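I am attaching a structure below and will ask some questions about it afterwards.
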Amino acid sequence: MNNLISRAKELLESKTVNVVIGYEAGPTGLARPAFITDSAKADKLIYDERCVQNLAVYLTKAEVKNFGKMAIVARLPVMRSIMMLISEQQVIGDNLIILGISEDNSLLDIASISVMQGYIDKCDLGNPSKDREILAELNKMTPEEKFSWWQNQFSKCIKCYACRQACPMCYCIRCTVEVNQPQWIPVQANAHGNTEWHILRAMHLAGRCISCGECGRACPVGIPCHLLTMQLADQVWNYFHVHAGTSDKMNSVLSTYEPNDKESFII
Amino acid sequence: MARIGVFVCHCGENISATVDCGKVAETIGKLKHVVLSTEYKYMCSDPGQTLIKEAIKEHNLTGVVVSACSPRMHEPTFRKACAEGGLNPYLCEMANLREHCSWVHEKNELTTEKAIDIVRTQVEKVKLNSALQPIKVPVTKTAMVIGGGIAGIQAALDIANTGHKVVMIERSPSIGGHMSQLSETFPTLDCSQCILTPRMVEVAQHPNITLYTYAEVESVEGFIGNFTVKVRKKAKSLDEKLCTGCGLCTTKCPQKKIPNEFEQGMGMRPAIYIPFPQAVPNRPVIDREHCTYYIKGKCKICEIVCPTKAIRFDQPDEIIELQIGAIVAATGFDIKHADFFPEYGYGRYKDIIDGLQFERLASASGPTSGVIKRPSDGQIPKNIVFIACAGSRDPAKGIAYCSKICCMYTAKHAMLYKHKVHEGKAHVFYMDIRSGGKNYDEFVRRAIEEDHVNYIRGRVSTIYERNGKLIVKGVDTLLSSMPVEIEADMVVLATAGVANSGAEELAQKLHISYDSHKFFAEAHPKLKPVETNTAGIFLAGACQNPKDIPDSVSQASGSAVKVAALFSQNELTREPLVAVVNRMGPPLHSTCVGCFLCQAVCPYQAIEREDIKTRDGKVLKSLAKINEGLCQGCGTCVALCRSKSIDLHGYSNNQVYAEVVALLNEY
Amino acid sequence: MSDFEPKVVAFVCNWCTYAGADLTGTSRLKYASNVKIIRFPCTGRIDFMLLLKAFANGADGIIVSGCHPNDCHYTSGNFHAKRRWIMFKELMDFMGIDMNRVTFSWVSAAEGAKWAEVVNETVTRIREMGPYVSYKELVNKTIEEEVKNE
Amino acid sequence: MKTGLYPGCSLTGSARDYNESVSALAEAFGLELIQIPDWNCCGATAAHNLNKELSLALPARILALAEKNGLEEIVVPCAACYSRLVVTQHELKKNPELKNRISEVIEMDYRGTSRILNVIEWIDKYIIPLLPEKITKPFNYKVACYYGCLLVRPNKVLNYDRAEDPQTMDIVMTKIGAQPVDYPYKTECCGAGFSISRTDIVSKLSGKIIEDAEYRGADAIIVACPMCHSNLDMRRPDINKYWKTEFKIPVIFVTQAIGLAIGLSPEKVGLKRHFVDVKIS
Amino acid sequence: METTRKLIRKHSLELLYKKLSASNKVYAPVTATDKQVEYKYNPPFSDVTFDHIRSTLSVKNLVFPKVENLFIFSNSKTESSITDVNLNLLPNVVLWGSHPCDNAAFDILRSIFCWDINDEFFSKRLEKVTVIGLACHTSDDYCFCTSTGNAPNSVKGSDILLSKLSGGDYIAEFITAKGSSILASSPELFENETEEKAVIAVVNTKFSHEQVTEKLQTAFEHPFWVENSLRCIGCGACTYVCPTCACFDIQDETKGKEGRRYRSWDSCGFGLFTLHTSGHNPRHVQSQRWRQRIMHKFSYMPDRNESLGCVGCGRCSSACPVDMNISEQLEALQNI
């Protein structure tokens, strides 16, 4: 952590960056995103298990973009998000300094995007193990059980869109749910509207989800909606052998194809 | 407020026999915004069309639904009628009551109900149609012909003779292509060079043709009428203006042991060389890969001997950018080489050669001055075997197609051999003789009957050497169905014709499609054999599939006409059914967020990047922008766009959504 | 449920399946009238949301059909569509939404007979499955509840 | 990893020499070969002419047994067995319905996940890497590598080597110091299909194979198939009688040649069981 | 006003619950499997929780549902007809066990919905609700009711307020006529009050809302808003869980000939909330939206509705995925 603080100070003092995006401890003891612009305040920075939010989400927010050059504290999911954002032309890699954090919470030396790519390549890019277990359980259910399990979850949804807002890949300035000509997704938070919203969100993240789980974590009513995108991330790997967020050049699975893509259901 | 007119066609009895057209018209007439719903026996007839034209005026219609046959049949008819009636043609839709309803269902209420559903769906759709204007794009009246073989030469001359400018690109040092390598041509046995050389010279001298040899296409951007092509002129190491083509350098070059491409490796050439005596342009180039100076840093003998001091060792490659309106791809073919046939011993035994090598052996200008001498010891072969279909029509070898030209040139080879070696025996192994074409079969019969070539129907399993002979093991499936063994002195393989090297890369640069064999794909196998799927790019010759000379020339002339037709217009009009990215005022400008995933899905590279800038040039936002000239309207980008910022004219989100709702709900 | 007539919507591309269905007509091959076609330029244009909209509006079954791989009029729209359907189907399966109600097929402009087979096979299958109650409930029940203000 | 071994009938009968040499190599290179428990006939060569389901069920049972015993990889020295097993795996992979039907027939779960190696593949994978240090008596002879039909055909299914001009065995031979001759008969028919009914045809066809090998100066014919071996070796007197010749060229299994090159005794690799004397060791 | 106070034993509480369930819909909090506390209609008494600090969602949906139908319509070629919603069919609801902060919100909502004209939907629903509140005996760091003029045992908004005694019995305080009528109909369930004092949670005051309101008068352009809202991701969680947030969106939904108009929850946290058709957005960045939320509750409402727009329940802070802690910010605002 001291390394992180001293590096942050160095970057701010040398004016290499205008802001360091990291974590601080809030009044209730939770860690939360922090934006350090003054090296004197860099001591607030923390890094430990509490630091869960995917900070990459801020890289596309207007008021954060205004900072210009910035440094960001990044564990694997954040790095993968950054890769996706660069590949989708939302973030310019040159404007970013990556303060990489390893699995054992030590500061990594990520000098460039290609170094970051090298680091990512060495990591396990599958879904987190606890989610893998739940997915395995769900996949064992019958279709009827799955349907009622999810309907039960969706019944809680209030359409606050915290799942969308917390997701670094949901950076659209106008989401499909906000399109009303035609009204693709029913506006109201009822069974129908909620179900179609979650289908839409998952499909839009197919091949783009980097398995950070932030959507599920953000949900105020506890819908594990991250399982939907994670299931698709699994399937993307199964079908196409691609992990999202591993290259700054990659096009997502649904915008590319191979002529010999295999499926078994088209007659 | 929308004012929709609906016209239900009986199509004689084709529709009315199973669909209650009266009920359809009546039910649809009750729909909101439908101001006219009527029926008629033949909507496509003159009176039928007049009905529409008059109704448009009388009822002030804002949309028309013609409920008749398939739009694939008569959509243009009725759109034209609407236009003549004063309605924008894109405000007309067709409901397919014939192919999709009356012809495929029995006469009953359900069928009529389905018909009503179909018409209602189109009514709801047409309400959301917008008046579209055809897209107009200017035309640059310069054509580019890629490839200087006979197809390219023909296309270039034909286009140039219509008065338009042509740029010809040829990657080797001379134009002429494979035809210049041939000895004589079937079915007339006239000398290939004799008929080709005048054409080559004509190209070089034509005022409308600019020729770039030793040049390759670097990149192609743009769209029909408006291509920007970058061409790499490879360094010839020569000042062409100074060079007189005297050829002194080529005789003095100390490096003389380079396999001669023109002779199919059966002769040698120096490092500075003119590919063949009749080459156009008749100027040498230095093959830098083999030149002693480029390898070792010293030599420069050519520079010393050159009387006009034309050698330029430090000449760089040059990239030139050209504005082009249409492109003819005429990059030709190649034949399958060497290790493709291990069982036939090609590459292992010197006296097994391919068809093009035999052409050179038989050519008066070839390495043996036209005497058929076998490569190993220069002996004249007494017993020669020709194998047709060496690789072609052999799915196991990955080439299932017929190479088309082999039957004919094998007959020609056997004939030429017999004409030159009277006492020799010629055998031809064949699968079938495909000699369709004017005077073609007669030609083959002549080989068999007059020149006594021994045709054996059957395939060869293996060739091996024994006692100095090539043992050709095959089967005669006509007479005995028994194995045949021939002790040959030389074997000629009519190897499969394949796509030229680099075809795939070029297709990708041109953004045209190609088949699994890398042959360029035509837009339609029957009705658009000259066009590609990319508007403004045409095909000529064997780059599409193996072709003989007359076919190549015909297609080349065909493509020239296509180019000329294109150049007859000052601007092009295209169907406006293209995608569009929404735009609005600042600060949003568009809901497009600029992820550019649509660029990846677009098969036509029709999606460009547009930067919205402040007055002082700062980029505020980058958006996708559809190039209307390139977009073909497939809509794949529309379905992909997460923020629904792209829409498709004619199949807009609003329209297709309304169709789904209208199809399933009663109104 | 003997009088159950399934509603089936077909989303087809203009160049292959629509033309193939035209050929079915020209060949006078008969098929079930439960299927109604919506024309798209290409399978690549077919938004996955439209399938949901069809179910929400009361469809019991859906057919999605286009050009065979490598035959796309636009060269690659069907390949993109294929990937989209692979993902969509996996997601629907995971959520317990019945994809047996959706037939995906490649029907070329020459396969008029295949189109009739695809339609009849689909209609027969949907007829056996019965109305798509669970999706209809999803839509209607909530609306009913909201209308009753409970 | 443990490799399973499917010997098939030949290796326990007419080709015991082959079996001995395979075992000897496994032992010498420390490779564990586990015979598939309760294995049955592969159905070659008759079953697929009589009953398609049977011809698939027999090999499927063998493969299912391998799966059940956790053998992810099996080596099949007999080329005929190898062919049947691979063909079965191929057929059932492309036809899931048939796969279920066959699973029912054999009353076992069949997944089709085993990797099937022919003897050359096995040698390539496990023996070649260790070979250089082990060679004590380089096999310094001219050899004619005879592949026969089943090792490389049907090429689309086996997807192994070049059907018309295979090279893998030649390469193995060069690794033990032998010089393969240019041998056009390497995939010619030996007549095995007639080995009971029309021995004259066998003599005629096999004779040509032997004649050409001798003509090209080979000291030995190398084979990897028990049937090739029996036709070229056991039938030698008939062949010589048919062609009125005195062919003496020995026919050696590829595994035997390797065994000799690493210093194993002729007895150990089963050479003593041959009909044609092997004088070259 | 002097109110009646009675003791009710735990087993009598169950009897009361069952009795009320027989003739009303009872809306009571239960702990779901994932530890979330949610309200359900007529859950078994054994499932009802008495120990929760706060439910995930507030109970405002009783009077302001997520989706509320306004009318249904049908179109024909020539005319359209409208059918009103029959609000008289609304059932009687007993809200059981809601905390004083949530109950205090009803008055605030009324001040919004019935500010100038009476919102029939809202007031008809409120009319049907009887509130049996439950004073808080536990609290956490997010609670700040005392800073907004409330208290863990405030009777505001309740018809009856239950307070827990250490032994597990409850004191019932009858506040309104609606509450008293329950006592009147079931006197046998209640006993007279004893000396024992109820267990009431301690919630420390964090700020003075009067001072905050005053500071806000001049704080509109203060850099505070940007500095403290950078991490806000712009979701609507805080507003949707809030017991007093009342913004809604009105939509028409048509299918075929028929359709309906309804209103559904909306949030000032969303970028599109204020987006004009022209593309102009008066609140185009998140800091402006965050400012709006606080200003509305602590400045505009005291000014216009004469009440704070906040009851100090702390739900918005606990629901926030990025820990936008409202009481922390208000504390800071008080001192700018």
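A, B, C, D and E label the chains in the order they appear, each numbered from 1.
By our rule, a residue touches a chain if its C-beta (ideal position, glycine included) is under 8 Å from a C-beta of that chain, and two chains touch if they have at least 3 such contacts.
All of these numbers come straight from a predicted model, not from anything done at the bench.
Participant: Walk from chain A over to chain D along touching chains and report the minimum step count.
Facilitator: The fewest touching-chain steps linking chain A to chain D number 2.
Participant: Name, by label, each chain that touches both members of the pair chain D and chain E.
Facilitator: Correct list: B.
Participant: Based on CA centres, what chain would you say lies at the far end from chain B?
Facilitator: The most remote chain is E.
Participant: Which pair, B-E or B-C, has more C-beta contacts?
Facilitator: Answer by contact count: B-C.
Participant: Quick check for the class: compute each chain's Cα centroid; which one is farthest from the centroid of chain C?
Facilitator: Result for max centroid distance from chain C is chain D.
Participant: Using CA atom averages as chain centres, what separation in Å is found between chain A and chain E?
Facilitator: Computed value for the inter-centroid distance: 32 Å.
Participant: With chain centres taken as the means of their Cα atoms, state the distance from chain B to chain D in Å.
Facilitator: 48
Participant: How many angstrom lie between the CA centroids of chain C and chain E, rounded to a whole number?
Facilitator: So the centroids are 45 Å from each other.
Participant: Quick check: what residues of chain C touch more than one other chain, meaning two or more?
Facilitator: In chain C, the residues touching two or more other chains are 48, 53, 57, 70, 76, 80, 84, 143, 146.
Participant: Can you list every residue of chain A that touches 2 or more other chains, as numbers and ranges?
Facilitator: Each of 173-174, 176, 184, 188, 190, 254-256 in chain A touches at least two other chains.
Participant: What are the residue numbers in chain D that touch two or more other chains?
Facilitator: Where chain D is concerned, no single residue meets two or more other chains.
Participant: Show me the residue ranges of chain B that touch chain D in the complex, using the header's touch definition.
Facilitator: My answer: residues 342-343, 348, 396, 461-466, 471.
Participant: Which residues of chain A touch chain E once you look at their complex with the stated criterion?
Facilitator: 26-28, 30-35, 53, 57-58, 61-64, 156, 158-162, 164-166, 173-174, 178, 180, 183, 186-190, 214, 217-218, 220-222
Participant: Flag every residue of chain A that touches chain B in the complex, lowest number first.
Facilitator: The contact residues of chain A facing chain B are 88-90, 171-176, 179, 181-182, 184, 204, 251-252, 254-256.
Participant: In their shared complex, at which residues does chain B touch chain C?
Facilitator: Interface residues on chain B, with respect to chain C: 70-73, 96, 98-101, 103-106, 110-111, 114, 117-118, 121, 513, 516, 533, 577, 601, 603-604, 632-636, 638-640, 648, 650-651, 653, 656-657, 659-661, 663-665.
Participant: In their shared complex, at which residues does chain D touch chain B?
Facilitator: 155-156, 162-165, 182, 184, 212, 215
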